[in-house]
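A single structure is presented below for examination.
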């Protein structure tokens, strides 16, 4: 019934179309009768410009491509249809083949009969028919293709990196060492990120500061790195190769040039403030401060809301004692504009707020601590000089309970696994035991110690005599039920290995809180024109094959901003992102798909319906001529304006109305005609 | 397995404090599961030695009779049957409650008992259909 | 005058008379206009649902139907009893969420020429109404006799803050509403970690030993934290802790004396209403001590009771507790 | 015809999310009925309502429009425009006396191959239940008229 398609759309001779059907081994041929499809195409699509139809085992192989090139040269094909896998896999391959044979690559169209046919259908007849329909659609479409030239854009060799955690630091150093300029923007007064707060790192337990500080310093001193701390990105314009980024450099109230970082100001400042960022709320800092002695740059900032001078107009202790007179109370925010070719986002994570789980008592029971608090407690440079003590500041705990998966793997909070908590908890178990000799209990759902040397570390902690109780903790309470619970924190949990409820009295509870995206990750994503998952993690281009790039050309992601990960993974991803950017820079320019919208002025009625539609501000209206114009440099090719234009005055190259209308007709010729005949 | 589950007295011990609901990481509404198990056990006549089913039934009878709960009747009937020995200890409380008129000697009956009975009758028919 | 439809529930007319009396007494100064549902019936407590589903929901829905017939300018039904509140809310919620159930229940109601449109009423608990509709400020304005020096143990029981179908409460396990209210009344509010633990419900009728242990935990903790009086929002909790305290003492050979009142009774006192109007003396564990503490016109110099856990200024700082808006914000994040 | 009715459905996919979801369904070998034929657009915002009417007029029994989840659009917010146009199309279809259930809007991220497949399956069943459309054939409403009507319609954004 299907071959009966005489006297359909007027046959027209000027197109010479070649149709190439791929077996893909048995991937396609196993379900779709490729030979029949090819013959059908040769016969039934003749009047629609198909001059040759071939099937071949692997079209993507070089003999396969040779077939196409040969036909283009010998039969003078001016359109090519390749029915094979998804264009996202091999479109480039076949376009290149056409180009090699002197045919404009954009006159080649791919039809997906693997991902969309053979792999998802079992009924061979139906699959074969669908393949035919798809090809019919492709043929109609390609007849309306026109030669296009790719858009070539130069790549500005400078790179912007947002976030000065370990991932951002790694990227910055890789690119700077390769000899290209990097702008590193950090929101806090110093780079270093969360890693700078840690004492030891799993599984090797080497000191975090010892491995991080050198990297921080080389960032601070690197000739190719412009370090912009206490700064935030406000606006991003332009496109890959040529971004123009607006950065707000918040007023430090300190002249960075003059300041020597001697630290006398911090010493003399009379105002003590609880440090909720670096010390995780456990320690104090002054109103003029650097987060830590290792800060890079070693230049303090004045915390205006807490500074006595801004409150009362007096004090100026810092100013008085500052030898080089670097204090600038009247300093204003600066707005900088950076021109860069590529951007790496490494904005990191935030700790889950454990106060959201009231039955674990954080914020209500003094001796319940979060993981970040313990990092500071165990840190030799921390508020207790590395002594693990309870909230009273002196007592050493004799028994400690560590609760895993706090806020993770729980539909009430975050349903994902925060990846690092298991290992971090094991680390705490070791450190606490080592420093205090306390008996440590771990309360876990599953122990996830994947990756190199991780499980070995788990074994080690087991050997140290740490207790492991498998079960999700119900609550932490200070209400005793008997004498030996009095004055303790009681952890109520079902031991799922024993199948019994247990109440375990401890002195101190550590909540291994999960990782969450930055509160403002969605706004950041919007600023940079990338997308966020429902949870708020940045979405990578491909979950497996491209976890570094984003859907937006020229913007890459690294570290926890993309999803929970540990230090090695963050470093790896940071380096990978840098490698990608370097590749781009080396090429000096890159070709973009020529998918753009443009206005046919004669047709434009000046109705302005399209004007409000462009999120990239590519559409401008000329009051004088009363017509709209689209800036091809800014246009990203989404086609929304094309669809909206009531006058049909806007055309979208690559996806024009003609092409899509034709494809619709083509796809449907298959089933409409026979009935038309019967009717 | 079904029998085992329905004979279990766990659902009858559940006081439906709903702690499990708000804590369950999988958002499972456990008390409703318990209620359903109780209903099924009652239907299947599999309820085993537990005073709870009796108490529930007595309560329900009272409500179906008067449209209101009747603590005095409920308490006396229930304790006589299940905790005759406790009555002694209960006396002070019972007396106290009566003295303070916190327990009515006669049940209160709603006006439109006919309507309520009709509704419950229809409801039971519908329940049976399911 | 804020109008509400009132569903009192059986116990308000018997074991919890004090609750009803005090509610009536304070509703005038609060400007609460409560209209009782005509010929309402029992909500079935936790018992009817245990026997069979449809009739249980039909029983509850009759009240909803009657209420919606009475609803004119207001669609808010206020229930002071927590079991009643839960049942009304539950029936409304499930009839909304499960159209099939809604249909069946309405078929049953039809037998009595009644019909209820799920979601047409707003089911509220009395405390919720007082704290969020009337507002703590207006409550504060009415206080003439602050409960200074009175160590009050706030106890809500389980069924009001959980499961909280329509997100009325600041938290499921540690809601702050009652604490705030009592603070406004001038009371010294005890930090009571068991504030939403179960009182045992019908346990005293089913497994006394279990019930007594549950009561012991509640009462002993309140006692250890030097509470003068427990205050609750639930007739069942009041009955169990008040009525069975004696038997519990016998059972454990203990000698606790922990009176428990309804929050409306304390509000009445603070508003300067006569104790007898507020149903004082109806409790089995006498709350005289409360009146004594207040009876003496508390002079300013009377030192307020020392805080239970004296916090030394030194040591490591504590994280600040979340405020209501913060909690709401965080909740919104999780709610998809 | 005696054999059971096999609806033909045209599916418009977004290059960044749903087309990749379709690819993923393929690589994961998730099966769905062969009744749907896909067209790739750069964005659901490119979907000119005329395409939908063209498809129905040319013999499709249903049209499936797919795009990125709200807030995840590759072009920031264009899928919202698709959403609004979808409402318009439903209204217009009713105007033509066609059951608006014949067009369905589906959000499917690049990770949701399974969801894509199940949506196709359920939509095919829904359309099968609605029966053949035969629009613009046995002279009910000629295809051109539909398009003409559309051109008059001012497309909101």
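Each chain carries a letter (A, B, C and D) given by its place in the written order, and its residues are counted from 1.
Heads up, the rule we're going with is that a residue touches a chain if its C-beta (ideal position, glycine included) is under 8 Å from a C-beta of that chain, and two chains touch if they have at least 3 such contacts.
Model, not experiment: these values are computed from the prediction.
K.L.:
Across the interfaces A-D and A-C, which one involves more C-beta pairs in contact?
P.N.:
Comparing A-D with A-C, the pair joined by more C-beta contacts is A-D.
K.L.:
What's the distance between the Cα centroids of chain A and chain D, rounded to whole Å?
P.N.:
30
K.L.:
Using mean C-alpha positions as chain centres, tell me how far chain C is from chain D in Å, no decimals.
P.N.:
53
K.L.:
If you average the CA atoms of chain A and of chain C, how far apart do the two points sit, in angstrom?
P.N.:
48
K.L.:
Please report how many Å separate the Cα centroid of chain B from that of chain C, as a whole number.
P.N.:
Chain B and chain C have C-alpha centres separated by 21 Å.
K.L.:
Residues of chain B touching 2+ other chains?
P.N.:
Within chain B, the residues that touch at least two other chains are 19, 22.
K.L.:
Quick check: what residues of chain A touch more than one other chain, meaning two or more?
P.N.:
Residues 359, 412, 534 of chain A touch two or more partner chains.
K.L.:
Multi-chain contacts in chain C: which residues touch at least two other chains?
P.N.:
Expected reply: 172-173.
K.L.:
Which two-chain combinations qualify as touching?
P.N.:
A-B, A-C, A-D, B-C
K.L.:
Show me the residue ranges of chain A that touch chain C in the complex, using the header's touch definition.
P.N.:
That would be residues 274, 281-282, 284, 353, 355-356, 358-359, 362-364, 366, 383-384, 389, 391-394, 412-413, 477-479, 481, 534 of chain A.
K.L.:
Mind listing the chain C positions that touch chain B in their complex?
P.N.:
10-11, 13-17, 39-42, 44-55, 57-59, 62, 104-105, 107-114, 158-159, 162-164, 172-173, 197-198, 200-203, 205-208, 210, 243-244, 246-247, 250, 281-282, 284
K.L.:
What does chain D use to touch chain A in their complex?
P.N.:
My answer: residues 6, 8, 10, 16, 19-20, 22-23, 25-27, 29-34, 37-43, 45-51, 54-55, 58-60, 68-69, 71-78, 81, 85, 109-111, 117, 134, 137-138, 151, 154-155, 157.
K.L.:
Could you please specify the touching residues of chain A with respect to chain D in the complex?
P.N.:
Going by the criterion above, the answer is residues 86-88, 112, 114-117, 119-123, 126-127, 129-130, 133-134, 137, 522, 526, 529, 531-534, 539, 542-543, 551-552, 595, 609-610, 612-613, 615-616, 636-640, 642-644, 646, 648, 652, 654-655, 657, 660-661, 663-665, 667-668, 671-672, 675-676, 679.
K.L.:
Of all residues in chain C, which touch chain A in the complex?
P.N.:
Touch residues, chain C against chain A: 171-174, 191, 193-194, 217, 221, 309, 312, 314-322, 327, 330, 334, 336.
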